[in-house]
Every structure is written in C-alpha cells, then in structure tokens.
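In the two complexes below, chain A is the common chain; its partner is chain B in one and chain C in the other.
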Partner chain A sequence: MTAVPANLILSRDDRPIVIAALFIIVILIGGTAYTWMHFGSAPLLSPNYLLQQLQIGSFLGIVAAGMMIVILISQIDLSVPWTLAAAAMLATAIGGPWAIPIGLAVGLIVGIVNGIGVAYLRVPSMIFTLGINAVMRGLMVAHTGGFAPQTAATDLMRYLAAERTFGIPNALFVWLAVSIVVVVILQRTALGRYIYAIGNKEAAAYLAGVNTRRVTVICFALCGLTAGLAGVLLAGYSVKAYQGMGDAYLLPSIAAVVIGGTNILGGRGRYLGTLVGVILIVLLNSVLSIMEMPEAGRQVIYGAVIILMLLVYGRGERVTS
Partner chain B sequence: MSSAAEVPAPARFRFEDSSLAIKLRQNVGLVTAIALFCVIYLLYHVAHPKGFSSAVLVQNGDEIFTLAMVAMAQTVPVLAAGLDLSVGALMTMVGCFASYLLSGAPEGTPINLDLGGLHLVLATLPGGTTGLIVGMILCLVIGTLAGLLNGCVVVFGRIQPIIATLATGAIYIGIALFLRPQPGGKIDDDLNWAMTNSLGDFASTVHIFNDGAAPWFAPLAWIPVPFVLIILIAALVWVPFRRSVTGRAVYAVGSAEGAAYMSGLPIERAKIAAFTLGGFFAGCGGLFLAIQTSSGNADLPQAGAYTLNSIASVVIGGTSLLGGSGGAIGSIFGAMILRVISFFFRIFDIAPLLQPLFEGIILLAAVSIGALRMLRVRNTLELFR
Partner chain C sequence: MVAPTGEDFLVLAGISKRYGGVRALENVDFACARGKIHAVLGENGAGKSTLIKIAAGVVQPDAGHMRLDGNAVSFASPSAANAAGVVCIFQELSLLPDLSVADNISIAAPPRRFGLIDAKAQRRRAEALLTEIGCEDVNPLLRVRDLPLSRRQMVEIAKALGQRPRLLILDEATSALTSADVERVYTMLARLKAEGVAILYISHRMHEVEALADRASVFRNGRHIETFEKGARSTAEIVQLMIGRDIATQYPSKPRRPRPQPALRIENLSWEKRLDQISIDVGAGEIVGLGGLDGQGQKTLLFALFGVLRGVTGTVSVNGRPVRPGSPAGAKAPGVGIALVPEDRKTEGLMLPMSIADNLAIASLDALSNGPFVNRVKERRAVEGGISRLQIKVGDKNDAVSTLSGGNQQKVVIAKWLMTQPRIVLLNDPTRGIDVGTKQELYRLMRELADQGAAILFYSTDYDELIGCCDRVAIMYDGRIVRELEGAELTETNIVASSLNIDAASSAAAPARVAAHV
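Right after this comes the complex of A and B.
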C-alpha cells in the first residue's frame, strides 16, 4: 500500500476540489464586477455579507454532510425534505428544553428506518427513502392539518440558528462542528474505512468481515440526524416550521456533494469537496439574486454549472470490458 | 402446477417446462402488477356508485394518462441501468410549449422569439386542424430532442445519468418557467374535448365515422380516448423498439455493460436511444397534460412529484432499478395502480388530510414485498448485486 499510487489517488480526488474552489473565485470576481458596474459597490467582498450568506448556506451544508455519507456507500436518501420538515415541526410543537432533542430524535429514527429498509429488506434506497418521504409528509399533513404550524421555535433554537457570537453566526459553528465530526468519522475511524469499502464493492467489504448491513443503517441514521439538525436550525432561523420547508434542500445537497468530487456511485470523495461544493452553490445563488436573475434563468444556469463542472472533472470511464 | 410434476416422465407434458410457464417466470413482476391492478380496479368499480360506466372510465383515463406516459419514459433509461430525474421537468416544459402552440386560433399561431429588444417571428403555424396537428408534432419533437440531449450528455459527457438528468432537468424547468412564469395559455377547446373523452365524442368532434354514429362504431364508442392512446403508443412505439437490435441492446447494457460491449452491441446508440425514447414518452405526457388542463403551468413541485411517482410506477410495474429486466408495459400498470389507489380515497371518503399518509404507506408496502426474495436467498453474497 505504500507504493506511490496513493499519491495518484489523492490528486484524482483533489482535482475537483481545486477546480471548484477556482470556480468560487471566478463567481466572486464576476459578481463583484457586476455589482461594481451597476451599483458601484462590492457587497460580495464584505465579510459581513459573506458571513450572512454562509449562515444561510450552513443549513444546506449540514444536510449535504449527511447526504455525502449516504452517497459514499452508493445509496441515496430522498427522504431528506420531509425528515427535515418533520423534525422542525415536532421540535417547535414540543417546545421547551426538549425541542432540540426531539427534533434530532425524529431525524435519527427516520434514518434508522431508512437504513433497515435498505440494508435488511434490500429495497433500493432510491425507492424506499422516497416512500418514507411520502409517509413523513403524510404524518405531518395529518399532524398540522396542512397549514403552517402556529408553534414557534424556542429561544435556544433561535440562538443557535440566527444569532451571532463575536460577530460570527452561531449556525456556522454548528456547521463546523458537524464537519469536524464527519471528517473524523471518514478519516480516523474504522467506520469511515468501512464506508469507503462498501461504496467500492459491498460484496468485497462483506467478505472482508465488515457487517455491511449495520454500517448501512448507521450511515442512514447519520444522514437522518443531520437532516433533523438542519430542520431544527432552519425552524430557529425562520422562527417557525412550515410546510415544504425541506423541499429546497434535496437536489442542491446532492448537487453540492457531486460538485465536490464525490462519486455518485460511491466509494470515492473527500469531505472538503462537499464543503467547497456547498459554498459554490450558496455563492452562485447569492450572485444570481444580486443580479435579480428570474427563477427561469437561475434554473438554467444552475443546471449548466453542474454539467460544466462534471464535464471538467466528473467524467466516468468508458466501460470496455 | 400439473400433477405430472411429481412423476418426472420425459414424454409427458410438464407445465413448468412449457414456454408459457417460462414466460410467466420471466415476467413475474409484470404478471403481479397486472393481477393487482385488475383486482383493485374491479373493486373500485364495484364500490363506485357509478361503477362500470363510460363516464368513470373516461375520468380515470384522463387522470392516468400523463403518469402512465411519464412512467414509460422513466422505464427505458432504467432498463439501461440509468435513471432519468428530468422526466417531470421535461414533461412540464413540453406542456408549456403546447400551451403556446395549440391555441387553435383561426388566424394561425405565430411562433415568436423575444430576447430583450430582439423580436423575431420564426414561423407561423396555420390555423385550424392542420395547425393543431403540426403543433402537436412540434411538441413531441421538442420532447424527443430534450431526451436526445439527455442521452448525449450521458454518453458523450460520460456523466452519471442520475446527476446529468438532475442538471438537464433544472434546465428544462428553467425553460418552462421562461415560457410560463405564471400558469396560463390556452388549448383549442375542440382538441381538449376530443382527446379527453370517449371515442364517440372524439369521432363526433373530428367528424369521422358519420360523426360517430356509424352502426359498427357504436359498440366501441364508450372506450375512453386516453386508454386507446396508451395502447397505441405501447403497441406502435414500445413493442417495435423492444424487439429491435437497439432495444435488445438497452436490456443488455442494463444487465451487464461490459459483456454487452464485448459482444459488439451498440452500447452508445442504445443509451442515447433509451433517453431519446424517454423524452418522447415524457413529451406525450406533457402534451396530454396541457391539453387536459387547457393551460401550461411551470409547476416545480408538480414536476418533482411526477418524477418521483414515475420511479415508483417503474418499481411497482416489476422493472428492476438495477436495469436489464422489466418493461414499459409493466410501468403502465404500475402507474395505473398508483392512480387507482388515490381514486379509492374519493369513494371511501378518507379524510383528505390522511390521504398522503396512506399513499406513502401503500407505496412502502408495495416495494417492501420485494423483500420476500430475501427468504429464497441461499448465499448472502447474492444480495450484493
């Protein structure tokens, strides 16, 4: 294993991160040039504005961290939208000191159910998590009567999501904490090795003695947990929970993970890439909203950027054997 | 099962060896889907106060058609071990085009292109029936081209289908929003009436078969047009495709791409064809949805719901998400099963608030039935395919 290939693999994984980071700089320069010409100011370079954008982006970042773990074992979690919304709704409904634990527990339970369905029932994750998403939506519609719940977020949720310490949004600290945990899991624990092994070839990991089913359940549980956390924070940020609050997080989180160089088929990718991918998407969004781009143009640019980035570094190999 | 099974005499007929039994074994998913559909649809008609009437059939047909088309659209890439997350967006985009092209204005429909100050009249569709037919063909061509674009991005860009179509889907929704920032537009009333009712209404609207009064036509007049269209599209497009070399290559690519390559099958052509055909089917769905609702609506949640329901329909219809087995016919039944389940909510008077919950539980239960195969697995390694 000490032979040089390790070096090569590293550069193959680092390339997307470097290119995506360069693209972020391009976005910043382009956006600044635009604002300079039109308004004579450069909000994109002001730390305060950037922090505010990153604060909004931290919810996406937390979701993407969990999504990445699931994608690394070559599964996907489509239940994120309503896991997030359910966590937010139940957290605000319970209120008091138990609000945040309840929100996290909702995410964790949904994640474990997802994991059991995928690992033990062997239903494709694409369809099982889709079903769970529908069930969660059904439960929440029945619970709230289809309206935005009237309950408000607790002070602690507000504090974590919307307030600042030393001028830095607290949500960023939460995102940082989640990031550190994920990096430690992926880089420094046996679980992280198992995750990459399963993503590369589950049968091989199984034959090597890994309890692949348990690892799969743990991965989905972690993904559910991050979705729950994002839900709690988002409810704190917007003071209350609302229907469909998670819908805007599913596809961007997958896009962020993939733009960051994680292979959608699993087994390869670094967390730093996901981080860069999230920042890229957040900044792209904020530049487009500064430019007052209508939704139509946004979607087209959004799609074009994903294709462009993947054409540069995400191309698969031709199957020739 | 014949009793001959216990007495293995080579000369005697054994059902298990007959070609019918082999066909049944190969299409367990399809047969199950058809059986399930027949049972629940029969139950539905029995429970419905106006069951077994043409009016109910017509209503069901209208509600089923679009999902059935989108499910077919999803099936073809899935068979090639891909996944098309853009079907809903593609369908929505074609619907928005249709809301411009099919207004049926007698003076003709100009096709304009407004880009900032630039105003171009590209062409003018003639008014009347000719214009409507040209407009519908244009819509289907747009859908097919969008499918072709998907295929090209996947094959020549070598980007994973799931993520490539996620991106192209965003582009299609963008175009749809560009066309219809607000829901609107208009579809010719006669076209709407002709396509969304029974064959009898169709004949009297387009003035064929003596306005539908021809004696030989009377026994057929009750059949809803959408069902006829589904059968026509399946028989004239899907079945020939499945039997072509390209169609077989799609299955081969889905079950073992490496082996298909080594066997000299046209892999790239198969993949492009799979996505293109998907685009055509989704285009049919979008066109019908626009005709049915008589408007174009760039509805993002609706597009997402159709994409996700199409995946569910494909799975319920017995097609493996891993590719290589199943077929579009099964997906049609999968889509019909999904829709009929929601029809039940109406007649059994289930509180609307509980409906999404039931839909989800039924979907979960349906896909978890597949877990029964776990009981037959002798070697755990068989699970990791």
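Right after this comes the complex of A and C.
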C-alpha cells in the first residue's frame, strides 16, 4: 500500500491491537493509582489477581474466539447466550463421563442449525440466530420448569474450569488450546482463506469456486461449539448451571472482537486482537468493580469505551486509505 | 505542451501526485478548452485517472495549481467541483441499484415541494434528461437494477447532464455501451460541444477517439507526453506514444486447420426466458467468440455453463462426458475443468482488500493443500508462476490487489483461473477498460492457451476483438444464437447485421451516421 518502511507504519490490522494493548496498560496504571490512593495497595499488579482475572476472562475468550470466526464472514451469532446455557444445563443434567461431550454436542448442533438457516435458507443471521436464541431459551425453561436446575457439574468440569495446575488456572490452558486451533485454522488452512475471502466479497469467493455455503455452516458450527465449551466450563466454575448464565457473554464477546480490530463487516482482523480485546474488557470490568462503581455507571463507561475505541480506529482507517 | 490561451477553460500547472511511493502524476501541465472534445490517452496507470480525479475534486494534488475559467481553484471535494460546473461520468457506475432511474438522476438535489421530494417533478426532470440523450424509451420509474448495463450507463450520463456541466469528463463512459447507445452519446457530445462545454474524453477505443476528439493528449508513466490537434498523428503514432514501443500486429495469427474435435458441446441449453435452445461446440484449441448486442444472453450463457444458475435445461458435455455443475465449485472440479473470468473484476473477480497472493491462490487451494493445511511452499511457487506467466507488474505479492492498475488486476483474475489448469475457459468481456498493451498481451495469451489445448468461449462487446481473436463467432440475439460466422464471413458488417438480427444491407448505415455527427 505504501512504500514507507513497514517498521515505521503499522499495518492496518495491527494498529487497533497496539491501541488496545496501550489501553490495557492505561487501565492497569489508572486502577493501580486508584487502589494505591484509597487502600494503599496495588492488587491489580499481583500475579495471583491477574491470573484470577484471566481465569474469568477465559470463558469470555472462548466465546469470542467463535464469535470472531462468524464475524469474519460478515455474519453474527446472537444465539450465544442460550446456546451456552443449554450446553451447561444439559451437560450437568446428563452428568458422568458424557457430560462434556453432550455439552459440546449441544453447541455444535445449534451452530449447525444456525449455519443451515443462514447459508441454505438465506435468512439474515441477525434474525435467524436471534430466533434460535429464543427457541433455546424456551426449550431450557421447559426443561427446567423455570427453576434453577438442581444438578451439579461433574468433577472433570470443575477440574477444567476451577482448579489450577502449577498455580495456573486450567481454564487458561483450555483457552490457549482453543486459541491455537483458531489461529491455525485462520492462518494455515484453506478454510481460513475462504473465511477471509467470503468476508471480503462473498460473490467473488463463490465465483472462484469456494463452497461458500459449506464454509458458512462450518463457521457457525465452530461458534456454537465454542459457546457450548464455554457453557460447560462456566457450569464447572460455578459448580452448577443456571438460568441466564450466558446473558453476560453476548455483547462483551462481540465487543472484544471489534475492539481487537476485526472489521464488524467481515473479512479483516487478527486473532491476537481478539485476545487483547478480551483482556481489555475483563480488566476494565474488574477495575470498575474495584472502584465500587455502581452498575449503572459501569454500563455507561463500558459502552463509552467501546464507542471511543471504534472512533479511534475509524480515524486511523481514513488516514491510511 | 499547450500554452494557456484565452479560450482555455481548465488549466493545470505543475501538478504532481504521489500515492505512497507510487508516482501517479509528475509535474503535469495540461489545459483543455471550451467547445472542444479533448481526448486523454494512455495505458492504465499512465495517470489519466489521477488527472481527472484531481480535476473533479476526488483527490487533491501534492503540488501545482489549477485554474478554472481564469480563476485559481482548488476543490476540496467532488461536490465543490460540481458546484463549479465540473461533472464526471466515471467508468465504475455510481448508481444506486435499488432506487428508480428518476431517483438516481436527481439524487444530489431532488426537486422539493413543502420540504419533501416532489416525485412528479423528479420524474418529469428524468424524462426530459433521458430524452435529451435519446433514451426516451427508459422508464424513469424502473429500478436501476432491472436495466441492462448499457442502459444503466446511459442513466449515469443523464444524471451528469442534469448538473449542467461546464466541463464534462467522461472516463471510459462508453466501454459498457451498445453500439446504438454509443451513437446517442456521440450526438449528445456534439451538441454539448456546440454549446461551448469543455469535454475531456478518456477511452481505450481508438476508433472512438479518432471519430470524436478535436485534440488529444498522451500520458505515459504519470507524465504529459504530447498534445496534438486532430489528424496531426496517425493511430500507429499515437499507440507508439502511449506505450513507447512498437506494436507489429495487433492480433496473433490464427492457425489454419480443420475444425477440431469439440471439447465443450452445448445442446439445447435453455434457462427461463433468457436462454433459448442454445447449441454450439467449442473445439479443443479453438477460440469461439460470443457476439451481439449487450444483454442478449451472452453473460447468462456463461453463467449457466459455470453452474451459477438454477433450472437450466439441455445438455452440456466436456470431452464427450455430460456434466451438470451445480455451482462454480462443481464447474472447476478436476473432472470438469471449467473456468470463468467474470465481467466485473471489482465485485465478482477479486477480493480487493486481500493480497495479490491470496487472490491468485484462492481458486486452486484444493490442489495446493495437504489435507486441510495450505502447503506454503507449493502456494508460493504457484503464485509466482501465475505472476510471471501473465507478467503481472507487482511490487510485493503481499500488497492488497486494489493497489494494482486495472489491467494488472484483470491479469490477476485470469492468472487465478489458469492456475487451476482449466480445459474450458469462459471469458466475459475480459478487456473492458484495459489499456492497449495489456489487451494485446491477453490476446496472445488466449491464443497460447488455445494452442495448448484449451477450449475458449469469449464474450466481447468489441467487434474488432472478436474478428481479430476468434476462430468462429456466434452472434446472440434475444437469448438465441442467430448466426455463426467463420473465416471470410467474419466481418464487422456481418456481425453488426446479425447482432440486430436483420440483413446486412440496412445495417451498413450505422457507422456512417456516427461519422456524420462529428
């Protein structure tokens, strides 16, 4: 695009990642200054506290990994909250060794249904996945009778989500594994190329002989699978599944993807950005809660930060293009 | 160089423009006058587009200044240029497909009544403007999407006229037009010229330039090479100036031999009301042209063969084996081996923001992968092979494909398909909006491919090209093949006559009338 040496100007895709990473540092410094003045301590900088935040963040990170794939093909999956809850509820209801496979299968099946609806029935994903979310919610309410499920997570679920190995939360290893799989898919496989191609210009990808429908179904299936996995882990972390457990994951997962520089219209974005976006959101939440910010104020700041970041990226875009 | 004189309307002095490290214009002095049609010639990437973008306020020059009608001006935006009477008709259509013709024509400043858009006045305005350019048959209430490409371009022209230009810039505005519409545009330009409008005209069709222009300027590599009056230079000299090298023969010679065994056989192919019992063979090593007026089913036929359309009836066989691809993925499958170079490279051929390498490899990733993983060594070799085979001028193959000039972009589309090693190559007007030099490379490449055994079906809106390149030409009219021309029959008169589905005598007048207007 330009002849200016690459090390002087960041590529279009790296700029948001750097900005988000700088913002994380700002959050850490600001939060530490606050705690130092008020409590005389700096918990934000203690490794243990950070690991705990990352453990909580790993559930969001896993959801965001799937969401990013769907956003890259310029679609969206709004069925995440109840896909996640359904996977958690059915996993705990089945229990035993089949708990985790059932949870994942629920996510996968919902994802495939979403994909078929979008790719073959040609329903806009925003509508179709919203509908599926409502259907899943209805099914789960019918399943539990509207009460909190009485079943508990299995030991393996608890081990994966809540326990630590060598002092590092196991959930982080799961997140890492999911991240590696997503990076390999996006960067090393033909599927990854097709995902970016479809997001950039679906007609051109189709006319290049890409099986766009199959790729779309696969993307939604992967997103459903990650939502199912997050549900299983979250149930393990909370020891049980509960109504509305996925509600707090929809907007933050989309926000993490977008803050990480993935174009909301698809076709562009790096996975590293999504990682940084997740960490940013988790730390922001945590600092706001340390400050004992009331929920209303937290929502305002949270929303304002997302809009602000996107404005900053938008300006950068205009300068480079 | 033309010195600024009293009649000069637009004067550019010392204009330079760089895009990153690419020099698009270098210290250009240029002037165009009222009441003259001024052709701007040059290969793609010569700086023509940048020149008119600067004149139209789309981009701002890095250095130099501009005067319009004697006053120094600098346009911060296209609307500022419009307000000063500079109006552009671009090669890429700027119409909104889902709005009506009338809405589109008045989109910038719709007539209002009580603050709301006055639909009646808008329709009358559209009717008046369409009549002015001889398109009274276009219904202003139709959606633009439902018009054929040629008509859409005419609507674009009507829209430009509606802004009452003092300087009208046409950038490849005729490349999508049918011959009848081209003639209407000629009439309109002659009238505007008489009214004292300054006209800048950019076209890759030399015969148009010869017929129309009073004066021509040649650009090469961002520099203004020469400006001369009509008739001062021969076509050969002009081409020479544009490319800076000799061109011996425009088209590669055709082999003389009996008609080869058909590689692609189409029998009674029909689709809805757009294709009607099409039967034609294309032999291995043969280039068969599809001619006729725009929108007679040529593109539909190519799409039908490529598996894009549902509900196609009839049989298609490749090397004697019946095939029925249900999608482009099926059409390019190894057993079938069909490739299609689509008409619109920006929306159908390329993922513009993606890299040159990604665009080249996208159609052949199956062959370049081990299991699900792309083999990067194989991929790099294939991409480099494609680039060198078509001599695509790239800086870095990881740059976005949108940074290439139009001709090189088209080469990327073609190279992408050649990398799949197709046996049947379908070309949909591949030379539209491409410079002379690249066109000739493509002609040579087509013949080379044919010599290697590919069967080529080639749709073009340029009759010259069909005559020069094709072994045979099938003329389509209203979804049917009305005539196949071969050998000595392959003449412009016969093509025009068959295109209009009339006998030769009454159509011979068309080119003569064109000349009479200018």
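As a convention for this text, the second predicted complex is superposed on the first by the 303 of 321 C-alpha atoms of A that agree within 3 Å, B and C clash if a C-alpha of one lies under 4 Å from a C-alpha of the other, contacts with A are read in each partner's own complex, and residues count from 1 in each chain.
The rule is short, and it goes like this: a residue touches a chain if its C-beta (ideal position, glycine included) is under 8 Å from a C-beta of that chain, and two chains touch if they have at least 3 such contacts.
Here the structure is a predicted model, which means the values were calculated and not measured.
Once the two complexes are laid over each other on the shared chain, residue contacts for A:Ala33 go to neither chain B nor chain C. Shared-chain residue A:Ala208: touches chain C; no touch with chain B. Residue by residue along chain A, chain B and chain C are tallied for touches, and B comes out ahead.
In the superposed model, A:Ile25 lies in contact with neither chain B nor chain C. When the two structures are aligned on the shared chain, A:Leu130 is found in touch with chain B, with no touch to chain C.
Contacts of A:Ala177 after superposition on the shared chain: neither chain B nor chain C is touched. Of the two partner chains, chain B is the only one touched by A:Arg122; chain C is not. With both structures placed on the common chain, the touch criterion links A:Thr189 to chain C but leaves chain B unconnected. In the superposed model, A:Asn200 lies in contact with chain C only, and not with chain B. By the touch criterion defined above, A:Arg268 reaches chain C but does not reach chain B. Overlap of the chain B and chain C contact sets on chain A: residues 201, 203, 206-207. The touching residues of chain B, counted against chain A in their complex, run 83, 153, 157-160, 162-164, 166-171, 173-178, 181, 257-258, 261-262, 267, 298, 301, 304, 308, 311-312, 315, 321-322, 353-361, 363-364, 367-368, 370-371, 374, 380-381, 383-384.
For chain A in complex with chain C, the touching residues are 1-4, 188-191, 193-194, 196-197, 200-201, 203-211, 267-268. Within the complex formed with chain B, the residues of chain A that make contact are 76, 78, 117, 120-124, 126-128, 130-139, 141-142, 145-146, 201-203, 206-207, 212, 244, 247, 251, 254-255, 258, 264-265, 294-304, 306-307, 310-311, 314-321. Within the complex formed with chain A, the residues of chain C that make contact are 20-22, 306, 308, 327-329, 331-332, 340, 342, 347-354, 358, 361-363, 365-366, 368-369, 372-374, 395, 399-400, 403, 416, 420.
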